[in-house]
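Structure, as structure tokens:
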């Protein structure tokens, strides 16, 4: 497909601004070349993006079981509220007396999310989950330093964790200690006991874990860390499994980040914007990012704040959408969402597991992993081949090759907004794909066929870097 | 981490109720039961007695001593007479401050340098690297104990142990004498902005002098004083403290100590750098007009922009108000704002020192 | 899987060719297979020091990044700059595509000969 | 049952039976009972509202925010016109409800739009490589500073005339890495070049300044770039993407990295977010650039295709050794910027920039006709400038507020940082000045 730049012709653009007789000011020094931008007619601009939109699989085009990403339906009311001028057209540096509504939004969200997580206060500055991790780790560091405990330089992270965990820990100045997981993805408690000590700043844990299992010994784990003077961090990536059922704060966690763009249905926008607020217990409140907003009522002054982690207050319109979602669902609705998410996952697992030669006798949470390892051994078809085959059937593939501790992993997260009919249909399609694989493995290696492009040459992309359009 | 050392007065501190903390590798009293404010006021109104044995002392001797020291420091020892003391900075090649120190001149070939406790090792290495020919360097810190008697009644109190005629009569002079039969160096110097003396002697013999001075001054209100009031006193007197107002990376011509930087000297380490350095920052004093205390590292703002930071900030017991020393851009007008606990407090510049010295000896 | 007879090998799958006081270092055929298509390699500069058992370069394939460990301690005297533009040589000719040449101070003490290395790879 | 979950009671029974359970609560049997929330979660906020009620509630909340008729405030967030096409295109579900484009075959639309964005950012700055965006302009600046670090560096220099919010974020990012942030002072509102040339040394990682500084003044970025190049110190230039149409490009200023807040490119003010962090750099620094990068390649049929590339820098591959932990970014905002720039085109962007420039100078001239109001600094400015007045800033703000005008941002007792864009017509400016004049009579 042509790029917009390739449709451009000088003089074609008809953008116009009103003029009212203010005279031109001439700069002392100007740039020597024009900024080359596409010059296209408005209709062609829309046709271009219309064509691009046809080359995208989105939630509304079909099933999207991308594990760990919680691709649930994004309610339209969220967007309608976010586009109200009273929210979209206010300046972040307006006097607080003129933005009482915005403060109220943060106040309500703060209250609601504290209840969902069992925490005492939230900070809404982080723009995404990984940004929340980074911010929370800074708060943990500030906490230890405040107590003159400078020896706590290490963060323990299970090897099943998302890559953002170790990356954020290093950004926050910590050293990462990786501990092995059991085959089910649980924390290896004996291994944990061996590494925990006076140098432990924190443990970062995802629960339910990245294999979709609830950590049964969770209290024991948080106790071990606390006994050694460390803090426990809850990666909220998988919160969609447990809203209204169990709360990080009650499990002994000190600080948590949420992915509002996942769990709270604000759309993901092809990669963002997100919102990754963090919630914490009282002991960490003084270390939360600086804010000019008074929403965090009744909490201590933030005299040991980690500082600001971004400009202004946060991704306000994303947080706002999450609040709309929370208010339309309510406490009961959130619980129901988690229940149905877990029900859907278990149902789909029951349907799919036999296809992969697995016995479906354990219960998972909101997502599950099947492994294409035995299929691969038998007929040489890999997880990636099955994934590509799914695209030909109009289904978005699951997350593949994650977590790293499972070979040929395929991680499905169906979410609560998918109906029984959809799940059945998908299960049927998966059955067809695996059947076809056994009949003709090569066909799957060549998939996808019906997508806008065939398999893309990633090696060529990385060796022969073309990272922008070149003019001729 | 090394275990902290104790000065020979450690037992005396404990006996007098000193609250011991670690400072620059030594266990020293931050205050006694009397408390920082009482101790502070004692020095301002009567006198107080400090253990400053942690300070470092180097002997520089030989026919190259004058040249060596003059190359090292910003002040000029060539102008000194025997029995004189000068305050000076010692710079690195970039004009940053290695340390601030006192130089005592005995003869043309014999000098004593008194340096900060936390910098002893660093300074020794630095001086050693820059010794010129026919010069020797000796670190005698372990062989010297030091106490400081500070306050308007110092002379009177000391006179009970040593007649006034035998005391150094002028500020920044010293004598070699005996107190209670112990060989001492006695200088009219200090770090409080008050009249006072510093006594150097064999550490094993210092405790009787310490106790005798306390006893001699008991009726006049002399009490033992800790590090806490030493900091508030020097702060009010507008004196810099290494690690706060002074550091390796802050150029010497940005700290308001021009009186001890002799740019007319043909050469000293750091001179070239200082000559070419446009000094755009300066050490200034501020008084907070909003309620709150600006602590070290608090940021200073002017017209929405960050213009500097607090190097020492405290409540001034003498003036009964929160004040701070700041490192800020030159040429700013009042008011400025200082960020404290997420709030911007207003502050006005005032001249240093924060107190009028009554120390004209 | 090719293992060349005249080379010594490290457990982390680098090969060493000793020539007098100098050693050329590269990655084995086993390593390049495990990495997949190499798309980039960062190489130290001449004059840098490498330490036995410590990483001295990293290679990237499309979906992985791995360290390359030095089997010797010494000073880098030459680098194979061709690899900057054509990292694919590491896949195509792993034993021809040396990465650095080192003036050897000392060798790692657990290097294997070809026979041992072949057996070692078979276990992997 | 609840909103957005399609299950009927019968469906649930069928599914439970298939799983081999009797009740929904049995799904959570692995969770220790003592940890479970007892009864229903009480959110302590309005709860379970219908869509109608929800909308009413939020309209009510929104009405507690004051939406000004005219806005003369910038200071990091700028009020520009957003062409209709921007909202229309970016509210399509295909772009709104899709995830990060990890599966290239079914994400070409998103990937190609990012590729367009990258090209446009390279055009704005003249530099070689752009990423697919980071969180906002301040985090872009902080990430850029991090890109220049190595073992030998222990501090960076930044101009003290940069946006204070950006400075705070840089500090937050560098503090845990033990990197000192040192300031370069200003003279008459502009960064002191002489001081910088003295201060840079072999342990300096980089120097960061903003081409349009916090006071709106145009810095002589070329001179600073030349000093940094001469001293082999990385030069990071903060730029405003509208002003970039007219001002010397980052590459002309010898910048190694250019960063900016992309909000002016079609993003509403929205109380500070979501915004858009722009980052471009020279190819020499490409592998240190954080975040996603889209590259062009071909598919199995040899057709043009786009994929995420250089992924080995990123956290999901390199974990603790990655350049940054960024994962979710501001992709939809980047698309808004790309649509905005495609709507206005080459001449349109220059027109917007020229009008900002014209209106800001007209505003400055008119404000200075008011007795007791003067310009605070003397340098050339773009679309923001500072006045100092005999009356207090708060008095002027109050006057404006009474007339539904958001005045400039107060930066001191008597100093106000004003901003004018293409949105502030001559009539708006004249009205503003009249209101102040009348009130101060």
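For reference, chains read A, B, C and D in written order, and residue numbers begin at 1 within each chain.
Going forward, a residue touches a chain if its C-beta (ideal position, glycine included) is under 8 Å from a C-beta of that chain, and two chains touch if they have at least 3 such contacts.
This is a predicted model, so every value here is computed, not measured.
Visitor: Between A-D and A-C, which chain pair is linked by more C-beta pairs in contact?
Guide: If we tally the contacting C-beta pairs, A-D comes out ahead.
Visitor: Could you name the chain whose Cα mean is nearest to the mean of all protein Cα atoms here?
Guide: If one averages C-alpha positions chain by chain, the most central is D.
Visitor: Hey, how far is the Cα centre of subunit A from the one of subunit D, in Å?
Guide: Taking the average C-alpha coordinate of subunit A and of subunit D, the gap between them is 20 Å.
Visitor: Find the geometric centre of each of subunit A and subunit C from their Cα atoms only, then give the gap between the two centres in Å, rounded to an integer.
Guide: 38
Visitor: Distance-wise, how many Å sit between the C-alpha centres of subunit B and subunit D, to the nearest whole number?
Guide: Taking the average C-alpha coordinate of subunit B and of subunit D, the gap between them is 48 Å.
Visitor: Averaging only over C-alpha atoms, locate the centres of subunit A and subunit B and give their separation in whole Å.
Guide: Centre-to-centre distance between subunit A and subunit B: 56 Å.
Visitor: Find every residue in subunit B that makes contact with two or more other chains and list them.
Guide: Residue numbers touching two or more other chains: none in subunit B.
Visitor: Send over the residues of subunit A in touch with two or more other chains.
Guide: 290, 458, 461-462, in rising order.
Visitor: Provide the list of subunit D residues touching at least two other chains, using ranges where the numbers run on.
Guide: Counting only residues that touch two or more other chains, subunit D contributes 309, 317-318, 321, 409.
Visitor: Contact residues on subunit D for subunit B in the complex?
Guide: So the residues of subunit D in touch with subunit B come to 160-161, 164, 167, 183, 185-186, 192, 194-195, 198, 201, 214-215, 376, 386, 409, 411-413, 415, 417.
Visitor: Okay, in this complex, where on subunit C does subunit D touch?
Guide: Per the touch definition, subunit C meets subunit D at residues 39-40, 42, 60-65.
Visitor: Which residues of subunit B touch subunit D once you look at their complex with the stated criterion?
Guide: Result: residues 94, 276-278, 280-281, 301-308, 329-330, 335 of subunit B touch subunit D.
Visitor: Would you mind writing out the residues of subunit A in touch with subunit C in their complex?
Guide: It comes out as residues 401, 458-459, 461-463.
Visitor: Enumerate the contact residues on subunit D facing subunit C in the complex.
Guide: Those residues of subunit D that touch subunit C are 287, 309, 311-313, 317-318, 321.
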